[in-house]
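Each of the two complexes below includes chain A, the first together with chain B, the second together with chain C.
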Partner chain A sequence: MKGITVKYVCKRFFSALFTLWVALTFNFLLPRMMGGDPAEFLASQTALGSAEYAQQVREQFGLDKSVFEQYIRYLGGLVRGDLGVSYTNFPIPVTEIITQAIPWTLLVVLVSTLLSFLIAWIIGTLAALKKGSWFDNLAVGTSFYIQSIPYFWVGMLLVMGLGYHLGWFPMGHAMTPGAELSSFWAKAGNIAYHACLPVLSLVIVSLAGRMIMMRSNILQVFSEDYIVLAQAKGLRRGKILTKYALRNALLPSFTGLMLSLGQAVGGAIATEIIFSYPGIGLTIMNAILSHDYPLVQGCFAIIALSVVAINFLADLIYPLIDPRVSLD
Partner chain B sequence: MKKETAARQKSDGYLMLEKYLLKNTRAKAGLLILLFFALVAIFAPLIAPYEPKDISFMPWEKPSLAHPLGVNSYGQDIFSQVVYGTQVTMAVGVMAGLLTSFIGIFVGLLAGYKGGRTGEVLMRIVDVFLVVPTLAFMIVLAAFLPSMGIWNLIIIIGGLNWLWMARSIRSQTLSEARREYVDAAKVQGMGTLEIMFREILPNIIPVVTANMVMVITSAMLTEATLSFLGLGDPSLISWGQMLSVSFDNNAILYNAWWWMLPPGLCIATLGFSFMLIGNSFLDIYANDRGGAVKL
Partner chain C sequence: MENREIVLSVKDLNVRYTADRGEVQAVTNVSFDIHKGEFFGLAGESGCGKSTVAFSIMQLLKGAARIAGGSIQFNGRNVLAFTKEELRTFRWEKSSMVLQSAMNNLNPVVTIGSQLMDAILAHEALPRRAAQERARELLKLVNIDPARIKAYPHELSGGMRQRVVIAMALALRPDLVIFDEPTTALDVVVQYNIIRRIQELKRRMGFSVLFITHDLPLMLEMCDRIAIMYAGRMAEIAPVERLLEGGAHPYTRGLLQAFPSLVGPRKELRGIPGSVPDLITPPAGCLFYERCAHRQEDCLLAPPALEDLGGGHSCACRHMLSKEVG
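Showing the complex of A and B:
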């Protein structure tokens, strides 16, 4: 194993930085390309279209400067961790709103992604081992169907069935509103209880595609020469699976795991709406509804940052666990 | 001589048709479902018993003979809405999917065949954008657009979805470009574009089709999600839009399963049909070329 070289890390790091820069520049340009004056819009919303107020807003948010100057200010602010001030929650900085929302999204996304991968690995392996059996056919057929179901629809059905109709789970929010939860465990229990349905709805849909992928990975590995050799040597099936096949089949899905963690943040937006779950998705949608552009941009900047960071980490970890990956 | 090759080609085409469609139960089942929805979309005015936006019925009425799928909170017939929704959902899915495929095929073929500097640069660009979370980006884009008509929807969904497809087509093209028929075409003096589209493309059609149906499914799902989030065109009736309206009007609290179930089931069933076609094509193609082909 060659291990990671400094050159490789640097290359990956600058590539990640470049991606981030592209995303953030789009983020800056978008509202400015769409035309319309946010200051005037804000004035029309809050101060009956007063030109004076619009001017004040323009100065306050630096909108009277040239676009280039605004861009430099925007990038400078980002480096300092300053995402500007929210329009609707006026004096509160965007970072503060986002910091409150991020843990909820992370909780739901992390737990659901890990759970879904774990279950997908198990079902996918079983289906591959029993290829052609009724179990395999059922699992693959169901997965094809579930794969094309919208996440949010499953969420709606779960809220209606398990939440409203049967009353087993709360219908929304991350914690019981106004509840007095003294001990840490009571609080954790309450949070876990509220996270059940959102997590379940994300797991159900994402499970399908991952299961199919894991199944085909296992089948692919089983067709490789070293497995055939192991079989010819008379090694037991279970031993072949655990010693050789599983490890090599799991590797490709590791990248999948890291990548989907990033995309899952975007995918969870609709789910958060269904469950009024106070994460970054609900924040960004509320910001869009109230035309709070700094908050919209801030949310997207954070989502982009986390996705790029996760990908960078995956790039670093992957060659460590799979020496076959080329380092260029 | 020329006649003979023409006949050969015809039989080649027929062989391909036979292998991929006539002897392929999964693809036939998928096509049947697809055909069903296409017919519903085309003959929507004949099938729907009422005007989809007509508000002349009892709100929240349960399914009955007069209203097979009941009535929504505005007093509109849900069955008629599902029927008309087929038009919009399919149109957006297919148009956006075609746009995606067009860009994806072109970039993938070019990057795979040209290789060298062009291919390298193209793939770098693809890699950079692949990391950007697509759905979140679409949401922000939709939020900043002054209005969201059906064409904006198609362009946003179609124009931002081609990265995976370009990658997949490229990797397939890379292995095709090493085959003899490409060299033969070069010797004959064919141009780059000609080789790309007339020689390589027909040989990777199964992969292209598989990609295409996946892309259409994902476009349909994206339309549903954007519409659900209130970022679609509210004047259109699509399945996603129906779900959005039902959620906003507390269909859950009214226990109006007849409003929420049909659009979701339709999306899933239509997507399922595309999946059946795409996956069976990939399996057959992979069998032919020996080894798995991944999208």
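Showing the complex of A and C:
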């Protein structure tokens, strides 16, 4: 058996590092290529609005240095985990803002992604097993219908319906503002309660496509000769389903799962806006609106890092679950 | 041949596929027996129903197909009346099968050893170690280094993969092994090596073989008896010696003449012109009528029934050919 080699891991690691470097360099260059002077902008936002103030801002944020020098400082900062200081929330470091926002995004996006995949796998498998039954028709029919609804509409509907009219769920925020939650469980419960609608909305819109995909993967695998041969061998049904059918049918979904996990930190900007949920998405949105370049850059750097890291992880897992993946 | 024990007996088998346009009469009134230790061939053009017969025996027909009549007896037991568990043990313990496409018989993400062991462990209560030892023995049987037991299918050549499946088919020493065009996707040399191997193993282990192929010359070389199907019906079943004399059915004769070196004086290679009738709305008379060089008016009355000519030879034609007719 082949197993993962040290050489393979190193190769993947350096390739990931290179990708990350390219992404971070773009992240540095893009805002500078967009034109406009953030210092002027910041100055115009203040009561003073003077040229002296702008100059002061430039010096403070190192914008008076050459681009190359700024680039070196930027990379150096990244290595030390220093993403600079936010313009609009001066002098709060970008890392602090991001560390506050990330857990909320991860909570909502990870839970909804995992939930959606899990449910999609189960419903998709059952629908495929009972192809042509009322259950299958219902699942497929509903999916096509749901898939055609735009996300913001689902979100608004949940907020208006379950939040505003029925009052079953809070309409926004990650926790009840100003609430006194002494015990750990009270706090966890409050957080889970607030996460319900955002999670639900994300599950609803992503479920249909994943379910349809899982169903067709299973049907595809069922038509393969090795399944017929497994039946001919007199294997028990459970064994055929797990070792022969599911192992193969789940491979493409695994790719989808890894992609979604990679995008988790990027978050769901629309979700966080609709549910006023204080995650990375909302942070990016606000940072862009207020021209807070260090914050925008910091967020994108973290997103790039997480995408690259998850891809690296996926590269390590693939050969274990699919022996056909080449180790070169 | 006559007094040898019968392993498989198919009688008046009818199989229909439900299609959009109607029912496909894929197999109609097919009957044949396979004796103990016999190498039985099943030949015929693509779509004539060979695989459908094989799948009926293993009870592996899918949703669109149904057995509309007839019986399948295996060692005197009615296969069509098996319970789920009886069927599960019948499969592979009594009758095993090597499928048509050489390349996709094996699960790509599981080692060949594990797949061999699955077959063994589904039928015998053995410790894993013992099953693994058996799997190694089986690999040796088909000339594969037992050290490759941990190999994945994609690490083996097409010929090796098909040999693994053959080893798997022999794992439980079944009475009958069905080969459905086991070598179509392989090159000729590999193909002949595999066939030789099958023949040798059959001699050694004594199982019966149902061998399906398009390759008539190959069949004439290997089989004891050959059945020729046409448009879902049995045209002729004959011992190889009878076929080498030309066969009695005009369709058989046509097939044999397509390989001129085999029968009689050298003639130019010729296929049989015309095409197979539609199996959803088949014509009333002999289905071969349109293409038959010996047809007469009475052939249109009804499809001819299979007639026993003695000596393991039977034929379905109103105007059978004698040996002399070229």
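Things worth noting here:
Basically, the second predicted complex is superposed on the first by the 311 of 328 C-alpha atoms of A that agree within 3 Å, B and C clash if a C-alpha of one lies under 4 Å from a C-alpha of the other, contacts with A are read in each partner's own complex, and residues count from 1 in each chain.
The working rule: a residue touches a chain if its C-beta (ideal position, glycine included) is under 8 Å from a C-beta of that chain, and two chains touch if they have at least 3 such contacts.
Just so it is clear, the structure is predicted and the values come from calculations on it, not from any experiment.
After overlaying the two complexes on the shared chain, residue contacts for A:I273 are found with chain B alone; chain C is out of touch.
In the superposed model, A:R247 lies in contact with chain C only, and not with chain B.
In the superposed pair of complexes, A:V296 makes contact with chain B only, with no contact to chain C. Of the two partners chain B and chain C, more residues of chain A are touched by B. Of the two partner chains, neither chain B nor chain C is touched by A:V57.
Of the two partner chains placed by superposition, A:L158 touches none, neither chain B nor chain C. By the touch criterion stated above, A:A23 is placed in contact with chain B alone, chain C being left untouched. Of the residues of chain A, not a single one touches chain B in one of the two structures and chain C in the other. Considering their complex, residues 127-129, 131-137, 139-141, 143-146, 217, 220-221, 224-225, 228-231, 240, 243, 246-247, 252-253, 255, 257, 260-261, 263-264, 267-272, 274-276, 279, 291-292, 294 of chain B touch chain A.
Contact residues on chain A toward chain C in their complex (touch as defined above): 1, 224-226, 228-236, 239, 243-244, 247-248, 251, 321-324.
Every residue of chain C that touches chain A in the complex is listed here, in rising order: 58, 60, 88-93, 96-97, 99-101, 104-111, 118-119, 122-123, 150, 152, 154, 165, 168. Taken together, the chain A residues at the contact with chain B in this complex read 15-16, 18-19, 22-23, 26-27, 30-31, 34-36, 144-153, 156-157, 159-160, 163-165, 171, 216, 219-220, 223, 262-263, 265-267, 269-270, 273-274, 284-285, 288-289, 293, 296-297, 300, 303-304, 307-308, 311.
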